[in-house]
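There's a structure below that I have some questions on.
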Amino acid sequence: MPGVPPTRFIYLGPEGTFSEQALLTIPAAAKGTRTPARSVPEALEAVRSADADAALVPVENSIGGQVGVTLDELANGSPLVITREVVIPVEFVLAARGPVGLDSIRSVAAHPQAAAQCRHWLRGHVPDATVVEVLSNAAAAISVSAGEHDAAICVPVGAGRVGLTVLADKIADHPDAVTRFALVARPGPPPPPTGDDVTSLAVYISHDRVGALLAVLMEFAVRGVNLTRIESYPTGERLGRYVFFLDCSGHVAEARVGEALQGLRRICADVRFIGSYPRAQAHYGPASSAVAAADADYADSAAWLARIRAGELA
Amino acid sequence: MPGVPPTRFIYLGPEGTFSEQALLTIPAAAKGTRTPARSVPEALEAVRSADADAALVPVENSIGGQVGVTLDELANGSPLVITREVVIPVEFVLAARGPVGLDSIRSVAAHPQAAAQCRHWLRGHVPDATVVEVLSNAAAAISVSAGEHDAAICVPVGAGRVGLTVLADKIADHPDAVTRFALVARPGPPPPPTGDDVTSLAVYISHDRVGALLAVLMEFAVRGVNLTRIESYPTGERLGRYVFFLDCSGHVAEARVGEALQGLRRICADVRFIGSYPRAQAHYGPASSAVAAADADYADSAAWLARIRAGELA
Amino acid sequence: MPGVPPTRFIYLGPEGTFSEQALLTIPAAAKGTRTPARSVPEALEAVRSADADAALVPVENSIGGQVGVTLDELANGSPLVITREVVIPVEFVLAARGPVGLDSIRSVAAHPQAAAQCRHWLRGHVPDATVVEVLSNAAAAISVSAGEHDAAICVPVGAGRVGLTVLADKIADHPDAVTRFALVARPGPPPPPTGDDVTSLAVYISHDRVGALLAVLMEFAVRGVNLTRIESYPTGERLGRYVFFLDCSGHVAEARVGEALQGLRRICADVRFIGSYPRAQAHYGPASSAVAAADADYADSAAWLARIRAGELA
Amino acid sequence: MPGVPPTRFIYLGPEGTFSEQALLTIPAAAKGTRTPARSVPEALEAVRSADADAALVPVENSIGGQVGVTLDELANGSPLVITREVVIPVEFVLAARGPVGLDSIRSVAAHPQAAAQCRHWLRGHVPDATVVEVLSNAAAAISVSAGEHDAAICVPVGAGRVGLTVLADKIADHPDAVTRFALVARPGPPPPPTGDDVTSLAVYISHDRVGALLAVLMEFAVRGVNLTRIESYPTGERLGRYVFFLDCSGHVAEARVGEALQGLRRICADVRFIGSYPRAQAHYGPASSAVAAADADYADSAAWLARIRAGELA
């Protein structure tokens, strides 16, 4: 129900992963119920069927590869909207049952992609340990807790959940990597503009021609709206229908973004609005003052046009 | 005074030229007073000072070369707007005091540019006649009427005014050439949209860079507004300020044109609105149904945006 | 060594996955050695270090999520190039140790994403079976072969490898889904143009502004080069350096593509060439005749320019 | 004959006008023969028929209105090229038979447009004098020399030619106005690049759509070529064929300009090359160092492409 804050949250599980860690950064979720889902489709289905009020799912990063799944789910089926984004650092720790030395580690349980992202660290610090692949970061911690392996690559929340000791933190090879999550809900009025928002769209164009994509970009460029992300996807239909996932700066309530959306609506085969929500500032740096300037520019030009239409030229 | 039909007309004289002929095609002018001016600046000055209600001046064609003067006058000084355009064929006749044979013509009085535009015809039909240059097409007719020369190149209205006999008509080398005139008035509400209108603008950009001009054109292109004319002028200020005279399809009261104008206002150093007025259809062919379609598109996209902003996604 | 056909192939393992199936469609690989790698980075590292001649890795699809990893690896580290693409249908089968009825299936081993992609089928055909997640499609087949579970979701080659019986084929919910793989090698002369090629690039722009991306697209648009894929990635560096992965139609040996690449080189912070290679036609439909036309156009315009420069205007 | 310097010059007459004054700034013309023509078509026809080697005609300014005629002549008929531009200030003087006081002037002979350009000065300095219109600036001087009028508005060279005394100089209302002339010859190799050149083109597009014009501008923009002038002209053919006269920075021998021309050739209905020639620097300010930079950029990108095509990636 629009206006009622969500209390029942679902997230891409299992427990003890980045998704849970990200969900806990949202105050309402910290107080509400938090249910893990086995997959992104399952999480979003729970929201569509009103079994949950909101789902936290990853939208951008290589961790787990759910990005494609999430976008695909948002672009198809009954509409859902992003109401909030959470960006958290990709932070891996090496954890064991107790404070042992690294040279005593013989086996390391890890999700294959976590192992891949820490491979330089592993090579440098536990070169003789065998990496044993498991199904998730949480499963790695659990397997160590159960005594199956000497150490686990896991996320901080996952190590703590099963009482492991962190032997080394920040062991990912790319220290600045992040994962971006979206809190997804059923359609309703977007959260109010904050002055530093993101608007997400799925845009369908009829041809794979660069000219069609150029026309899409021009709709943004002429309104001074920046794109912060663009991804093309084949739609699965064989003959040349493409979908582009676009994130742009600004809120649908702003004149410049609203005008750009109307432009897309006119030239594209289809446009799906996926939400306007506050930018997660910690990651992207401080908000610029450009938005206020843009709003003033739009107000000025609207007033000027009104004078022209009324025959009141200065 | 806005809303009061003009009764006092001024036009680029002298009497008996294309300008007078064009003015007579306007019913209100046929009934009102019609005063010739010696120059375009003089005609427009009379409107600015309220000595006349409207001025008819040429805006496009080589005849007389006043184009540059007219644009310059509209772009500078206190604002004026075009309320109507008149397009008439450039039609020259060879006229004499009576119905004589072409082989008896020894001298032809002509304005230099009229002579230039009929030179192939003259070479073919009166190869032995001497062309004597005079100050205007009207002066040519008058000089023949006064017995100074055997024949005149003049416009039909000019021949009739002094009682000359037309020996040959449509003698211009380019049979489809036209002159475009503008009826210029003090600012007021534009005439209502007709579904096939033209909007004229003077647009100043700060740099001579193609990128700046490209940005201007994109403002039109993304709204589906066609440009039917573009001309750059150095502004006279030495360091790189350019003015572009643009005619586009559509009326300032239409959403697509209004939005494009607002866009120009935001990106250009200055924009001067020079009028929205009905296209002279005789010359350009029938109105397209594209305008109605464009309006419907704009209404649809505005309704769609309103639903998004209200959280009412289908 | 350039010119010497590759004989030692590595692919994203384990054995019995789509990657192996895709590799077997390449005749040279069917005859050469085929080694599975545990991750995309490991596979590409083997090529970089010359332990393998070529690596087959997924570049586009949600299966397994390696897409991001692959792009990241190609964009960084010492250069590698794609020499061939392989597109195969995402085809899942349900397999068991023998020809049992579906109603006898109590547990289904599956990689989480395979389960997600077949969930409608599972719900419709084995609604009471428990899905047990395993680490890969191959592991699912192996676990069934070992008697741990009743049935497995796996790929045809994986079922056959361990002697399972296929109970149902084409069980994926999206019957037209495909995975696109790239055969990656150390730099060398690209394969010759075929008239229907793809060129892959990683393009870095200095700002996240839509204007910069628009400029990139214009480089393609003015040469009539179509983009068939575009994806933006944050580079990991915090302050606004973006990388775009672009696939365009055409071969670097063609004039239009070469000119577009030179244009990108001039305006972008960096451009990495990732290969020109034949399009996998089975998926994309027949080659168009546009390429030949484009080549003729370029030859014509070059000849025309040469005449102008020589002062030989027609 | 290409390579042979022109010795027989023709110019828009009569003698004693701006055109003659402009022609005299060209050393070869100062030594060669100089013949006045009665019109721009006549001047250009003399070059086409090889009766003259080169013609000096106005291409940009309101003085005399010949602009349209010149462009029309260059765009049609057998090809001609501009080999040099001359820019001179629009400088009017008031001249009489002797050093009389302004208050004794009762009649002023003037070409109508010269009178228009000096009207503020006339109003301020000889408010009671009658302006008598004559056919040219030269005719004004001659009429005063013959005793028909008290004073003439004319150009300095025209006053001197008939021995008049200059009573006041720089009397034009716009002190910075200039006229731009072109020296036109039969096609031949263009003069060598100087590092600060202009290239003139006539470009035909099939539709009046802004999209077509946008495509033309993109051809320049992507190569970093600035447009310094653009003018659209209806072609006279009724149904929507437009010609654009474009001046861009740079020389056809430069890579960036050559590439842009080839691009226009591919997308336009027709392109006519009208010359590459040194910019008249006095008017436009010093040459920028951008050209050298552009050349280096093009050389760098060409070398880079060659390495890619050869498989020699760094």
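Per-chain residue numbering starts at 1, and chain names A, B, C and D are given in the order in which the chains are listed.
Everything that follows uses one rule, which is that a residue touches a chain if its C-beta (ideal position, glycine included) is under 8 Å from a C-beta of that chain, and two chains touch if they have at least 3 such contacts.
Source: prediction; values computed, not measured.
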item	value
Contacts common to chain C and chain D (chain labels)	none
Chain centre separation in whole Å, for chain C relative to chain A (CA means)	24
Distance between the centres, which are taken as Cα means, of chain D and chain A, whole angstrom	59
In chain B, residues with contacts to at least two other chains	218, 221
Contact pairs between chains, per stated definition	A-B, A-C, B-D, C-D
In the complex, chain A residues that touch chain C	38-42, 60-62, 64-69, 72, 112-113, 115-116, 119, 133-135, 174, 176-177, 208-211, 213-214, 217-218, 220-221, 225-232, 236-239, 244, 248, 285
In the complex with chain A, residue positions of chain B that touch it	2, 79, 81, 187-190, 215, 218-219, 221-224, 252-253, 258-259, 261-263, 265-266, 273, 297-298, 300-302, 304-305, 308-314
